[in-house]
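Take a look at these structures.
Both complexes shown next keep subunit A, but they swap its partner, so subunit B is in the first and subunit C is in the second.
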Partner chain A sequence: MKMDRRSFLSFLIGGAAGTTLSPLPWKLTDDLAIWSQNWPWTPVPAGGEVTFVETTCMLCPGGCGVTVRKVGDRAVKIEGTPGHPVNDGGICILGLSGLQLLYGPTRVPAPLRRAGGRGENHWEKISWDDALALVVEKLAALRENRLSHTLACISGTDGGTVGRLMERFLTAYGSPNFIRTPSMRDAYEMTLHLMQGVQASAGFDVENADFILSFGSGILEGWGSPVRMFRAHSAWKEKGVKVVQIEPRLSNTAAKSDKWLPVNPGTEAVLALGLAHVILKESLHRKEFVDFYASGLDRWKNEVISKWTPEQVEAVTGIDKSTTVALARSFARADHPLALCGRGKGSTPGSIGEFMAVHALNALVGNINRKGGVWAVPGPDYIRWPEVEMDATAAAGMQQPRIDGAGTEKYIFARHLLHRVPEMVTAADPSLVQALFILEANPYYTLSDSALLKKAWDKIPFIVSFSSFMDETAQNADLILPNHMYLERYEDVSYAEGFNKPYIGLAKPVIHPQFSTMHAGDVILRLAKALGDPVQKAFPWEDYEGCLDDTFGDALETLRETGYRVEADFAPGSGYPVFETASGRFEFIPEEIRDAGMQAMVQPQGEEPAFPLILIPFDSQRLANGYIGDPPFVIKTVPDTVLKGDALFVEVHPETAKAIGLSEGRAALLATPKGQARVRVHLFEGIMPGLVGIPTGLGHQAYDGYLAGKGVNANALMGPVEDGASGLNAAWGIRAKLSRV
Partner chain B sequence: MSTNDDKAKADALTDTGKQPEQDKPEKGNGASGSILFFFLVGLIASLLVGWVVFPELLYSKKKQPIDFNHALHVDMVDEGCESCHFFREDGSFSGVPELAQCIECHEEAQTDHPEEIKFVTQYVEKYREVPWLVYSRQPNCVFFSHAAHVRLAEMDCVTCHGPIGESTHSRIYEENRITGLSRDIWGRNIAGIKRNSWDRMKMDDCAECHAEAATKTASEGEAPIEGFFNNIIRIAFPGSLSGRKSSVQTQNEACFVCHK
Partner chain C sequence: MKHEQAKKYGMVIDLDKCTGCGACMVACMAENNVPFKEDETNKLDSITWMRVYQLTNGKPFPDTDICYLPRPCMHCEGDHGHSPCVSVCPATATDYSMDTGIVSQIYTRCFGCRYCMAACPYHARYFNWWDPVWPNGMEKYLNPNVSPRMRGVVEKCSFCYHRYQLAKDRAFMEGRRELEEEEYQTACTQACPAGAIVFGDLNNKTHRVHQIVQPDPAHAGRPKNPKAFRLLERLGTNPKVYYLSSREWVRRSGDHYLPHEGPGGGH
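For the complex of A and B:
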């Protein structure tokens, strides 16, 4: 039988009929429908038991308690822990993006040894044994040559066990060069030390204050413990607490304040002294405090009264004299007025004169160690390890002056002066730093004056980063010994910035380490062991957890359960505690620093007319500007007026822009004595004329594709300005020039 | 003027014209015979493809990593299925046990059965989860609460999962090459016909039971004809008659009770 056209057609028809009568089309349709509703390439979180782990966020010095929701072995959400003394259920945008850091592509997966030139980002994975052996070899050689003091460590943490282990390691090894990264904490600690004679950090009873006078503190930009400050801010709004914001730019804090006083940049301290002038002149100060618990008032009063009349203050600060008078009155008449300082997030220390002037204001209204005031919070006392027994080498090394000069005659009150290190390293040959450890810090990005920094960097022969992430510093190191990231490890957080009670948070491993990383504490212990006695002797612990057990003893169990410990009834409110100064009183003019302390203003670097404008960096809650860079979630929230594509916008007042011939969105060249960058211009009436505002936290070279290459690093355009009295970096801006391109 | 082509056409015409009348039906019979024949060939071939070849091709056959004996385990535990497939404290259902659970008893080999040895050496000792193939896994768009069915409605496991507890070996897992799901969802019968309630796990099967349950409670006291129409409305627009939402727990409407 031959198949002709008709039979072929009928074959097809038969086939169609048969197919219809078979399950094939129906089943296929159904399967395709299921397939198309569940694209196999769409990631679906694995199922599993839902659990919650309470831990402590370590992404900023805020010390928030966070609760991580897990499904099976995967962490899926970070939330604030309800009832936590610091943040009571709140969380910030960075804290809730922590999972992107945990699972994101910026992690360092294993110990890495540099394969190409420094900064070229070519790496070779090596085993932990090999990596540690490399470090030990280097350190042993230095020590043998009596160069132990040329080992330095830049650390973002110092109070907790890990920071202290590192410091102890340096001591036992023979180096005094443990250097904490700078922040306003340095200035506040020094202020309390000078005026109150205590080694303590400043805590602010913000919840109970009823009048807030902020000298540029970014209450909504990440100052202090950010979430706590947001909450306090909301509470102030509800209670009708007045907030006066003093700064040259309309920040979020300024925009939400009751009164914004645009002050000439860098003259905030003068305004503080002007307010003191009015208070003293009108006798509005709290005599029960000032007369009984303070000393040096007369001398200080003379200076303030003669030098800083409202007229003089107006000439310097630009703040109308009647405003100063009215502000001083309302500040002094409030029940619990509180003056704050530390610009923006407080990432630069600032001048001691300014901090002391603001602190003196608090003292004038008696608001020291009192409800709603500034409290001296003693440092953590739980680490009671035996003294390090130093051998001759260690002792000799420890006798050497610190590289940053802190504690030497010139910088007698300073404890850490990181900004001085690049200069010192570049100046000496051979380099004063032969080996550098970097722990929880990213100085290659955060230090200003990048050109000098790079020179110094090139002179340091051996750089080891402990970073969990491929940040700029890690990228430019010789060896990376990646730490577990904070959601993978135990670590005590000994401090919550600005919190007014002694507090310890415990970070706990929420999940197993995702990579071949090692706890920095364990690395230190292993290095010590490998170096042998006498270094080894200082570390009688098997491993880091053993050290934690030994340090906390029985308290560790409760700490594990609750996740934090707070001295809830710590209340210096019942009468004024004894001050530990020589006079036993609060010092308005500490003897040690009497002249210098009155130098209230610090001039920015650079000269007119080459640099007719002033560049001021500004912080934002949406831009992390410390050790951690913005994760993708956070960078997405940065508005187009700050960052568009890769272009960074600087803020300029329309008048200033007009004078240069710049309009909205125009490209421009921003130059300072320290460097230059191409930027675009955003016209903003909220910034004072003559200024250029630059956002901080951008211009990263490292991290992931969401962050790297975006915008300009404000630090690169800035340079440190040393405060004459304290040695701290007091730069608040730099002279600049903006020109059309 | 005529061409060869024209001539050929003319011949053809004449040919046709000359065809004897009586041939027609015969030739017609032959033609329709072959048409029918090829129709049947097409029909049978496609039926064979649809009913036999297609299911063979659609599913790949996989063996479970460990041949598991349910019957043996059920005998040894106290609380039946829930000993291993339990509800967590938060009410969620644990599903297939994780290694940590198995280890509670199997930290070391309990017998010298080769599967037991394999389990201990390859999974327990290496602390590796067993990649079980789950016969009842639903597509990701499906939300199903065991608690609502087992705890609230007091259904037993067998209703949906069948007498799996009596099995002494793990069946071959047939994986749908398109959806990646087990053949058990559509059911072994490619026509979708089922004899037992656990033979299929498609949406229709959920609906069948739910409609029954809804009818039982809702239509009490309704005249038969009224009940018939009301049932249609009840299934199409849940909650519209009773004012009650489809899900008692979530108070959600229609689709989102079961679909994510």
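For the complex of A and C:
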């Protein structure tokens, strides 16, 4: 065929007309439009039946009830359970993020055995049988060599069945070294023991108090059961309850309080004694309590009156003497005044003198075990397992002193002194700890004086973590036996921090385990079985659920239904209770520890002039600083005045910064006797001059890219300061130096 | 049948109660499938439908004071629905609903010109500079009621509109046209542990939000409650989020007032 101009044009035009009339261009345009709205890489969440499961949050000791919304077999949202006695529908920032922990990349997917050097994070997946066999082999060998007491367990939990199973395992095996992680709970328990003669936790009837005097307690920073405190705070605002916050930095609590008293750091106890001075001198105390139910007042009064006049208090604390007098009067004249202590979230115990001084204030106004006061809440009584029958090895092991010295002559009132362990381990050769279990705790991150801790760590030959997450401790262990995380397992929660009624919450499996994990309770039972008698004999249960069934009996069914049990009408005695001290009265100066109340101040470590400033760690509700690290949602809420890129900001008063030649955002070197770190400076008018405020909860090395490597771990710059009277860690700060770089 | 009265959903946040804990921010992120990146410290590109700001009174130690201010989308009514963002959107990707008073955002219509972001005086709108990435396995918690967004679109607080739809559906199934106050609540309101957020229909006299705020219809909804204020009141954006504070300096920081002016001062 000849191709002339005419036929070429006909072909072209005909072709164009044909194509236009065909569906092709329209189809292509439509496809293009659809394609441009197609984002196959953007997930489309699957639908399904919506169900709700009620359980108990275990991310902190708050004991909140949470309701998990499920779509099909996926958990999609955690919300507070309305009507729950602790949190009544409210929920905190961390509790909301639980699903990021459940499904996140920080989970330990299966039993892991260390493949490289410790901390190198090279792991080999092994079967559960092999993993348990490894532990059994090690433990059997230790026991054979009569070294059963060199097994220790650091546990974040001690009252519920899992903590008690672990403790029981250690007992039957022959080790007294079950060590609970430290918190203000230690100091409060000791205070109640010494002053009231009871083994109990402190509960606070915050809802009914009408004057709150807080000695640095981060009521809005995560102290106690956080959601409960937030709710109480809102109720205070509605009722016009006065809140006075005593601390050197303008925390959220201080900002929300009616009066913020910026006290010189570490002198809070002196202010408490100064208030007692005024109350006693002006006879503002409640005589109907003090005269009939307390003893030792005269002796205590003499010391307080002679030593802590408002003038002397002003010299130490920096609080104007007229302020002290006015505060004491308004505190004593309120109907239900309540004094609180435990700094920040209460993650460090504190000095017993300080706790006793504050508790004595409550006693002066008669606010012990009564409406709006401090209640002694007895420990859980539902675990009634038969006594462990120890064989000779176990008995011999149990006769050995505890590695942390708790209960020995020097630390007679202390039950757990974890901060002493690194020192004790490094001091002895061979190490006093040959095998270490870690349950629901992250001591590798949370213990202060990281340098010493690392030395101690290196001396412990066998470290087993039960963590669900790849936290610092797990990362530096030899073997990880991952527990189900709290949304995948049954576990009783025996305690809600600061709650004033006996309470049990039940965590329930919301979702089937996502990984090859095993309940820590089952691991303990299987280890016991594999070790054989006599250890095995102490555990007459098939599995953990069998143990729960046996422990609660018929009550378990109701607990499963409601999710919690609370003694709603619990009252610690009608009117004033009988105290169980030797005198049967409240002791203002317990004989056993009589000088402690007067040695309430604890000096920070370090000397001037090498360290001219004082570093104080501060807590925030947006930074979890305990066993759990911040999930991505929570770290996202951290302000850019705290964290920018990977750099941490420390808070400094503008004058202090100026004297060093630092301006907003400038990089600086922060040094303490325990370590140093590069930081940036945030100028803050709300911090007392001469101090450096460092946020806690950052500087993780483990978890995931959303958290690891961000900021500085405040614990690494701090060191424990032992309270002479109690042995508890009372460090509230450390001397520091900030310099330009 | 009686004609349904138009709703005007709004919020009042009690800044005396707000503790700055951030639960509202995270409740929102969890409910609305808000993405997150490894580094969220550049707050200009950190997507937070609800963001808690810190205000300070600027006084020296020890008279310093701070206050937290949670900021969702204000769902401005402007003048008869002419909210700043709606007026500038060339794609009708955002619209003011006269039925609910909610400013919508339709992701599939948005082509990312970001005029609305420039127009919004509250910085309530965020742009997806990147595609969302959930770490392996984490996409399992995504809420099927809210579609995850893609790179190149703007997103913002919707007053949890999907919850409104669900509540309406449920009511319809039960043969009701009207919702009870507690049937439709946003995720942040539900989560707030301090109970600082109250949400409801500003047009409904039985709703708490109306009772607290006492909006004045003659003055574009300005609150009659002397403790209540709105952000940038004098811009005339007519926002539906109100704040309560007993502190004068906090109320004053709601707008750029001259020394002799005050939050009650008017235009």
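Keep in mind that, in the parts below, the second predicted complex is superposed on the first by the 702 of 741 C-alpha atoms of A that agree within 3 Å, B and C clash if a C-alpha of one lies under 4 Å from a C-alpha of the other, contacts with A are read in each partner's own complex, and residues count from 1 in each chain.
Here, contacts are C-beta pairs under 8 Å (C-beta built on N, C-alpha and C of every residue); 3 or more make two chains touch, one makes a residue touch a chain.
All of these numbers come straight from a predicted model, not from anything done at the bench.
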item	value
Partner chain in contact with A:G47 - subunit B first, subunit C second, else both or neither	both
Subunit B versus subunit C as contact partner of A:R415, first or second or both or neither	neither
Superposed model, subunit A: greater residue contact from subunit B or subunit C	C
Partner chain in contact with A:M3 - subunit B first, subunit C second, else both or neither	first
Subunit B versus subunit C as contact partner of A:L250, first or second or both or neither	second
Which of subunit B and subunit C A:K27 touches, first, second, both or neither	first
Partner chain in contact with A:R622 - subunit B first, subunit C second, else both or neither	second
Contacts on subunit A seen with subunit B and repeated with subunit C across the two complexes	37, 44, 47-48
Residues of subunit B touching subunit A in the complex	31, 34-47, 49-51, 54-55, 58, 88, 90, 92, 94-95, 98, 139-141, 176, 178-181, 186, 190-192
In the complex with subunit C, residue positions of subunit A that touch it	37, 39, 41-48, 71, 74-80, 87, 89-93, 96-97, 99-100, 102-105, 220, 226-227, 230-231, 233-234, 237, 250, 252, 255-256, 260, 262, 514, 621-622, 632-641, 643-645, 653, 685-689, 704-706
In the complex with subunit B, residue positions of subunit A that touch it	1-4, 6-8, 10-19, 21-24, 27-28, 30-32, 34-35, 37-38, 40, 44, 47-50
Residues on subunit C engaged by subunit A in the complex (per definition of touch)	14, 16-17, 19-23, 25-27, 29-31, 33, 36, 38-43, 46, 48, 52, 54, 56, 58-62, 64-68, 108, 131-132, 134-144, 147-151, 190-196
